[in-house]
Each structure stands twice: as C-alpha cells, then as structure tokens.
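Below are two complexes that have chain A in common, paired first with chain B and then with chain C.
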Partner chain A sequence: MRVRGWFAVLLLAPVLLLTASLYVVPLGVYLVNGFYRFKDGRILREWTLDTYAAFLTDAFSYKIVSTSLLLAAIVTALALLVGYPLAYALHTRVRSARARAVLAVLLFCPLMISVVVRTYGWLILLANKGLVNTTLLRLGVIEQPIRLLFNMQGVVISLTHILLPFAIFPIYSVLGKLDPSLKEAAHDLGAGAWATFWKVTLPLTLPGVASGGVICFTLALSAFVTPQLLGGGRVQVLPLTVYNSTVEINWPEGAVTSVALLALSILAVWAVNRVVRRLPTVA
Partner chain B sequence: MNAHADGGRDALLRATLALGVGFILLPLAIVVLYSFSSVAYGVFPPPGLSLRWYAHLLNQPAFGHAFLRSLGIGLAATGLALAVGVPAALALVRGRFPGRDALQAFLLSPIVMPKIVLGVGWFIFFARLGIQGGVLPLILAHTIVVLPFIINIVAANLVGLDSALEEAAQDLGASRWTVVWRIVLPQIRSGLVVSALLAFLVSFDQVESSIFLTRGANNTLPIEMFLYMEKWQDPTIAALSTLLILFAFALVVGALVIARGVDLRRILPR
Partner chain C sequence: MAIGAPGARGADLDVQAITKRFGAVVAVDAVSFTVRAGEFFSLLGPSGCGKTTTLRAIGGFETVDAGEILIGGRPMGRLPPNRRETNMVFQRLALFPHYSVFDNVAFGLRMRRLPAAEVGRRVAEALGRVELGDLGARRINELSGGQQQRVALARALVNEPRILLLDEPLSALDLKLRLQMQEELKGLQRSLGTTFIYVTHDQGEALAMSDRIGVMADGRLEQVGAPLEIYERPATRFVAGFIGDANLVEAVVEGIDGDGLVAARVGDARVRARRRGDERAGARLTLCVRPERVRVGRPGGRADGLVGRVEDRAFSGSLVKYRLAVSGLRLHAAVPYAHGTPLFEVGDAVSVGWDGDQAVTVPA
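On to the complex of A and B.
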C-alpha cells in the first residue's frame, strides 16, 4: 500500500501537532532563557550573552564539563569491555534457541526495573559493611573497608551496570548478522580461534561496538539519578547542575548548562558517525 | 568447526556468561535479600530475617497511591503514543515524500535528548500554561518520551511486511482504512505488544523528566522512591523494590506469552 498525498498528511498530522506543541515549543521556551539576564535572584527579559560568557570563562564550569566527560568515558569503556565478551559468549556459546532467549532476558531484564531500584541495590552492595567490602576483606585483598559510596567509584560501578545492556545489545545484534562462512574461511586458511577473532570477527563487529559506545556515552553524560544518589555531592556533573540551577530558579544558567550538555551529546554522536563510516561493514 | 573448538575456549565462554549474568543480577538479588533483613542498616550478611519492612511499607499509603498513579500515567501515555505513533510509523515506512529521513530522525530524537533538559522545559511550559499539579502534564510529557520507542519498533516491524497482501485486499475493494485495520495491524501484533510494553516500562521509570512536574500530592512511584532515598536508606525501599521486580517479571512473562516467537534481536531499538 502506498502512502502519499492526503493520506500521508492524515497519518502524520497528529504526531506533528503533538511533537511541535509538547517537544519543540517547551524546549525552545526553556533554552531561550539562556539569553536572558539573571540578576538578584530574578530573571530579567533583556537579551544578553552574559550567561554564556560567564559559563565559558568560569573555571568551575570546566570542572563540571571535565567530570561529566570523564565519567561518561570511563563508564562507556567499562561497559564495552564487559559487554563485548558477554555478547560474544551469548552468540557463540549458547546454541539452543530456548537457552538463548532465557539468557537474553536475564541480560536485559535490568532495563525493565527502575533505575532507582538498581541504584539502591548498589547502595547496599557498596556500603562499608556491604557485600563487596566484606568479600574483599575476607579474601584478604584489603585490610580496611574501602570507600566506594558517595564518590566517583560508586557512580562509575553502578552506572556501568545500568548501561551494560545498551552496550551488549548492538554488539549482539551485529554478531547475529555476521556471515558464518567468513569464520569458516578463516579457519580453513589456517587461522586459529584467536586469530579469527582478532582479524575477522572483531573488525567486522566494530560498528556494533561504536553504536553501543555512543548510546552508553550519551546516556552516561545525561545520567541524573545515579550521580545524585551515589555521588554524595562529590560527583558534580552537568545534569546535576541543570537540576540545581532550576531549583534556584536560575533558568538562564540552567539553559546554558543544558545547551552545553546537548552540544557534547551531539558532538559525540557526530564524531562516532564519522569514524563508523570508515569501518568495514558486515554486508 | 565447532566440534573442534577446544575445551579451554568453551570453559572461558561459559565462565564469561556466568559472571556476566551474576554481575547483572547481583544488585537485584541483594535488594530482595535485604527486604527481609531484620535491621535498618546495610551490613552483609544481614544479622537476621524479618518481614518488618513489608509491614513498614504497608503503613505508608503514599507509595501505594504513587504506584496507582504511575500505572495510570503509564497506560495513558502508552495509549496516546500508540494512537499517534503507529500512523506515523506507517507513513514513515510506506510514504515517499521529501524530508522523510529528516522527519524520522526528528521523531526519534527524544531518545537521546537529556531527560533533565526536557523536564525543565516542561516545567516552565506547563507553569506558563497554568497547568500545574495533577496527572495531565505527566501524561503528556511521558507520551513524548515513549513515542520514539513506539515509532522505532513499529516501523521495524512494518519494514518486514509483504505488501502483496495489502494490494490484494485493495484490488478486492477494501478501503485504505480497512487495509490498515484488518491487514496491516494484525500482522504486526507482536511488535505492537512489545512496543507498548517497552513504552509502559519507560514511562514507569521516569525521574528526571517528571521531577519538576510533581508537587508531592501527585508524585509518581519512582519519584516517591527517589525522594525517600534522599532522606532514608532503610530496607522499606528494598521491600517495595522486591514487589516492583515481581511486577516487572509478571509483565514480561505476560508479554512474552502474547508475543511468542518474537526475535529478541528485534525487540529493542537499534
């Protein structure tokens, strides 16, 4: 069935109306505040670039931006390092469709449970007398409980866990599209399992790694619940700044910080897309 | 060649899977264990078992009300997003018009938009319209948040359809609406179920996008929990979380039964 003319207009009209009024307008109305003046606890409707200038010259905003980028980069790297072997094992080791479905559900089930619940789980695990510290003490790895909560470490660990499914999924998906005859050809030509992996499988699945990476990076960059609950005020990232500015009714500062957050996300997506275009593809 | 795969590699892959599944399930398992703890503080292992946190939870009706509110908001937002998103997906997949790819990118863009930015936007927008408190702003906001998930999954399911059936129906005199209603939608039933389930779960999990739209009396469940956790960290939250894990489990089992035979690789958006 072809969709064109008035039929296409009818199908698209509701979505266009809804997104224009509830997505474009609210974002615009908010971000315009970045060009207003904030003085003595009040927003003055006069056009100015002062808020942007203040953001760009303030050493504190550089600290926030670098903390945000560092957190996102570490979490992305860890999620890919843990996620790739898992996706590979799920694809290679699990043969029966039933076992594969069960394992896939287990790996993706955290997505079905609230971020607040998962963050709470890490709050218990990482406490001074929690499972992680108790186990490390018993094994003799550490002599004193290490502080894993209310600092960067705790946020990194739990955010990696929270974003892991987003790293596994695209890699698993690309592995499924891989032509098995490529592996057989490598094997017939005398390549061992490791050589086949490094020379054939890994390069061909890099697009999956890239898309998983970019999803993790943007989600980590905009994460709010985990840094707020596990950061203990020591992990000051962009979304928390947006939140705090809004609470203080400093919408201009919040809007400028939001633009910085958006710009970094878009930049990351753009950069990865550029790299991906040069990668070999499965097809 | 698989018959030749050496035992060492096989063991390594098995261990990877076991460790990975363990890591992923660990925070959920510990939450369930702590919900039966006899003490308020976090110590491993808990010194004793009790049901006191479940009793404590029952004495806090705010959580129950928030749960029902989240349930209603999730259902309403999912229904609205389906009503708007399914026609949009149909137009995007079957339509040939200029700017189609740009429109698709725009409609999917709320996925990558930082939720806190959207949340502040809606806060200012609804305040200016004078619609504060209540569930309407939350339903509308969640509709925008879940819309891309619906469009993405429904579109992916439409791409795989054979249009010969639709043409046959049209040749036999069926109108476009009949074709959509009787031919197209029944074929993507499992995709619709999966997209609706995902949309509901995403709505049910909103914190940043909604935190400025709630005023205590209209808190959603994740926000009620988030605010509670900022103040207290006793296992009341663990008891509630355990019930929520059971709830999510029941939903997923239900959806898998309805959408049997769905390839998992097609469930989540790429």
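On to the complex of A and C.
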C-alpha cells in the first residue's frame, strides 16, 4: 500500500504506535529469549541455538504441534460445516433487514460474554451429570454418561461454538455480493437447486469459506483459556506450553514455542491466500 | 444446430391476461399477446413499464398472480425455469466467472447429461456461430464486452430453446458495437428460426430488429404491431410519443373531407390528418405529426394552414431542425438540407404545415 501525504501518516500513526509498542516490541523482546541459554532454573545471557535444537529434536514438541494442528483443523471444519448452512439460510431465507440485524446480534452474543464465564457455562452443560448427558440418558440414547469434559471433545465443542460467527460472517458477506442472476442463469440452463448450489453458489463463495476458515484456524490454534479449562491437562497445545514455560521462568523454551505457533499461523494464512488467489480458475 | 421449420409450429407463446403485483405496485397489468414460431418479438417501453417482469414470467423467474402463459400450447403454471423450453440471455449476462468459455456454454448440455462427445461438438458449433470458435479455453474476465455478449448468446442457444428470452442484452455495449450486434442478432435469429422475445427500452433497436413490437407503459400493453404499423398508426398518445419523435397537437374534429381525411381545428387554423375511422365532428383528439413531415415555408407561400415564428434553429448536416411557435403551440420540424435550401433565422415569420396524409389522429 502506498501512503500519500502527511495526512495519511497522521491517520495511521495511532495504529502504528499501538501495534509497535504493544505488539511488535514486546514480541521482539520476548523472542530474543529464544536465543538465550536456560540452565538450572535461570536464564543465562549467552547466545545459543540449543533451545531451538531441543524443540526440533524432541518428540514431545511434535506431539504438541500435531495436537494443536488437529484441534484447529477439526474446529475449523466443524465451524465451516455448521456455519455455511447458517450463513446460507440467513442470506436466502431471512428477507427483512430487521430480522437479519436481530439474528446477527444473536450470533455475536457469545462474543460479548467473558471467555471464562462462557467456559464455565460449558462445564455445567457438558459435565457427567450436566444437561447434555442427562438429556441423552433420559432419552435412552446412551446408557452411560459420555465423557465430554477434560478431553478433546469438550474443547472442540466449546471452541466451535465461540468461533462460529467468524466462520459465518465472511461467508454471509460473500453470498451477499454474489450476482443473483448467476443462480437464475444456472436454473435457466436446467440446473435444479442442488446442482445450482454445487456448480455455482459454492464455488463462487469459496473465498468467503477460505477467509472464514483461516480466521477460525488461527484463532483455534492460539486459543488458550478453553483448552486450559476444558482440556483438563489432556489437551496439550502450543499456547499452553508457552504459558507453562513462561510461568516456570523458562523463557527460552516459551519463546521458541511462540515462534513455532507464530510460524504455523503465518503458514496457514499464506497457504490459504495462495489457494484463494487461484480460486477463480477452479472449474 | 437442428432447426424446426419456422412457422410449422403455430403460436409458440401465448400470454393470457397475466398480472403481477409487487406489494401494492401492479408491475404487469392484464397483459395478453401471442408470438408466432420463428418470430422476433420485442417488448418495448421505458424502465419500470413491466417489460422485464413479463419476460421473467415467461422464463419462470416470476410467478404470475393471475393469467396464464402457454408455451407451445402447454400451460406453464408454476413450472420452474429449468423445466421450460426457454433460455434467457440476462441483462448483466450472468456468465459463470469460475468457468471457461467452453464450460459456460457446455453448462446446459451437461445438466442434461449428454455424452461428452456431443457436448464438445455442439459447444464448438455454437461458439463457431457467434464467431468465438478459438476462444473456448479463455476465462470470462479475459474477454471484451462484445465477446462476453456472444458467450451469453451461445450459452443460451446451444440448448436449442423453443423460445430465447433476451433482457436488454446490448445495453452495456457502446453504440458502435451495439449496432453491429443488432445486425448479428437479427441474422442469427433468421438463420436459426428460433423465436426471440427481446426486451428493450431503445425504440430504435426495437424498430430495426423486430418482426413485431409490443409497446408497454405502466404495466399495460399499449399496442402490438409491426414496426411500420406502430410508427405510422400509433394507437395511443404514449406510443406516438415514445416511438420516434412526434409533435402531439390537440385538435377538434370539424368533419371528414371528401378524400377521406379528417379536417380539424387547431386554435383558429384548419389542418388535416389521416382517419382512424371513429372520428366524429366536434370530438377532441390528438394529432401526431412526425417532425420530418412538417413543412416550413415563407409566409404566404403555400397555403399550409398555420402561421408561426422560428424560435430556435439547429443545423445538423443532413437536416435543419427548427423549433416553431405556432399559435400557442410548439412544433418541431426537421427539414432535409441540400445546397441552396433556404434557411430561416430565429425570429422569422414562417408558414407551417403538412400534407394531410402525413399526420395521423390519436385518441386524445
């Protein structure tokens, strides 16, 4: 982007200052620790790549990375699978602007509640004697309560719920930009509702799916509170490792893990951008 | 493309008193007309007159509140577009941006699950017909406006519809290209023998291309007829004013002359016009005189009936256009110009008139 004139600089200045002072500088300061040595519970100010070497050769770090990626992938897939039909219904079935506004507020409601409160809410719902298990037991669907807490399931359910709006809104906005006569043209050329969706609507809204997906993926990858409270220590993901290392004053390890997290996020964004750029040619 | 012999199928389209409301607005008001097989039929009118809604109802994109549409004698009812023997060329073209030119044109054939070899053959033929033979692999956004227009046409025609519906397909093109495409469309329609229903707000376009025109205003069909008929015998004031330029003059009938012309008074002057048939002495009506048929001469020259004054003059090469004040009226005249034709100046007194058979009466 080319910034023209001092006025544009002035407009950008607050954001640039905030980003620099609250994000870039602290991140840099923290990441420098990755190149220090950690020995006998103390950080030694001598340059070394040992922490990186240790991270890259330790099987446990790969376990954490794969758990993180798996969690983010499952949550993203679920959010998109649930979110697309919701966005589609919102786009096609809800005609009045008022109803749309109300539904949009309802969808964003979860984001207005503190993550801690929301997570405790899920604790109540998903517990062995919680609402979900009690209902399923009463209906006779299950005979034993299923474990939905302190494992992957609980984290996935809660994260999908909270990330749903981030999946829905990019898809919804792309649906709104779609020329309605494209669907009519497909219909006119003999396609029924189903064929029109698969051949025209879905391919042309993939950019929305991709941007919704990448938002969900990076947010799920960096989620901390939910895996912490609902994972019960069984869901070891990168943000938890960063937190634990930092608390244990092992800043070099925390920094290296942070770099891994950052790299994975950037990689995901980059890969999706690459795919999106090629989307219009996809037949 | 296999072509049924034009005319062999009788009435292709029978629109019977269809009405369509959007809330309190009546977009189409009891419109009826029939179109013969192989005919080029235009629906002409200003924006908001209901022409596009009528077209969309024929294609199955709108359900009518009353009336019925028959295609090939079969009532359409609430049949969706994918089950009608029509195809549409959309105003905004609606080409699939994620498909190549070939895949766009093949879409309809693939929906019918035709074998790939036949799809390939027919798409190539359709692209050849619109002179895009070698552009099949291109993406839509790599084409010019005119080329996109042709793809939209090929995509509809490749399905060999009984009726092709065209919704102002040329409106996005510049004038030169539009004129060229008009000729090509007309030629294509002639050679295919497909029935075309063409919606446009451009009266020149409709006059140049159509076998017959239906003129619409405020949801109603004002007149249906051949271009010449509509130009020479407009059925209503609206049609007279909308098709071509026209001077519309209020007049009172005095009587019928021996030669079958209507004699009428405009202010204190006497003028004449062709009969419609129902004129009676004393009746008020409107005279429609095309500017190119108004004569302008020196005062007291020929007994042309009216006396006026030149208000404005514009010279446009082949024509001299005058704005004339004639006994409280304002008349426009377009006089052919050749070397030596006398020109009148603004403020000049002139005699104004027309041959009786060059004007026509229109209901008031």
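Please note the rule applied: the second predicted complex is superposed on the first by the 258 of 283 C-alpha atoms of A that agree within 3 Å, B and C clash if a C-alpha of one lies under 4 Å from a C-alpha of the other, contacts with A are read in each partner's own complex, and residues count from 1 in each chain.
Definition applied: a contact is a pair of C-beta atoms (placed from the backbone, for glycine too) under 8 Å apart; a residue touches a chain by one contact, two chains touch by 3 or more.
Here the structure is a predicted model, which is why all the values come from computation and not from measurement.
**Student:** Once the structures are superposed on A, label A:Ala195 by its partner contacts, choosing first (chain B), second (chain C), both or neither.
**Tutor:** second
**Student:** Under the stated touch criterion, which partner chain does A:Asp179 make contact with: chain B (first), chain C (second), both, or neither?
**Tutor:** A:Asp179: touches chain C, not chain B.
**Student:** Quick check for you: in the superposed arrangement, does A:Val15 touch first (chain B), second (chain C), both or neither?
**Tutor:** After superposing on A, A:Val15 lies in contact with chain B but is clear of chain C.
**Student:** Would you mind checking which one, chain B or chain C, touches more residues on chain A?
**Tutor:** Partner touching more chain A residues in the overlay: B.
**Student:** Contacts for A:His187 in the overlay, against chain B (first) and chain C (second): which applies, first, second, both or neither?
**Tutor:** both
**Student:** Taking the superposition as given, does A:Asn151 touch the first partner, chain B, the second, chain C, both, or neither?
**Tutor:** neither
**Student:** In the overlaid three-chain picture, which partner chain does A:Thr48 touch, first (chain B) or second (chain C), both, or neither?
**Tutor:** In the superposed model, A:Thr48 contacts neither chain B nor chain C.
**Student:** Which residues form the common part of the chain A surface touched by chain B and by chain C?
**Tutor:** The answer is residues 184, 187 of chain A.
**Student:** Touching chain B in the complex: which residues of chain A?
**Tutor:** Within the complex, chain A contacts chain B at residues 1-4, 7-8, 10-12, 14-15, 18-19, 22-23, 25-27, 29-31, 33, 82, 85-86, 88-90, 92-94, 100-101, 103-125, 127, 129-131, 134, 158, 161, 164-165, 169-170, 172-173, 176, 183-184, 187, 193, 211, 218, 221-222, 224-225, 228-229, 239, 242-243, 246, 251, 254, 258, 261-262, 265, 269.
**Student:** Which of the residues in chain B come into contact with chain A in the complex?
**Tutor:** Those residues of chain B that touch chain A are 1, 5-6, 9-10, 13-14, 16-17, 20-21, 23-28, 30-31, 34, 41-45, 83-85, 87-88, 90-91, 94-97, 103, 106-107, 110, 112-118, 120-125, 128, 140-141, 143-144, 147, 151, 163, 166-167, 170, 176, 179-180, 184, 201, 204-205, 207-208, 211-212, 221-222, 225-226, 229-230, 233, 237-238, 241, 244-245, 248-249, 251-252, 256, 264-265, 268, 270.
**Student:** For chain A, which residues are in contact with chain C within the complex?
**Tutor:** Touching chain C: residues 179, 181-182, 184-192, 195, 199-200, 203-204, 279-283 of chain A.
**Student:** Touching chain A in the complex: which residues of chain C?
**Tutor:** Listed in rising order, the residues are 59, 61, 80-82, 86-88, 90-92, 94-100, 103, 107-108, 111-112, 139, 141, 155-156, 159.
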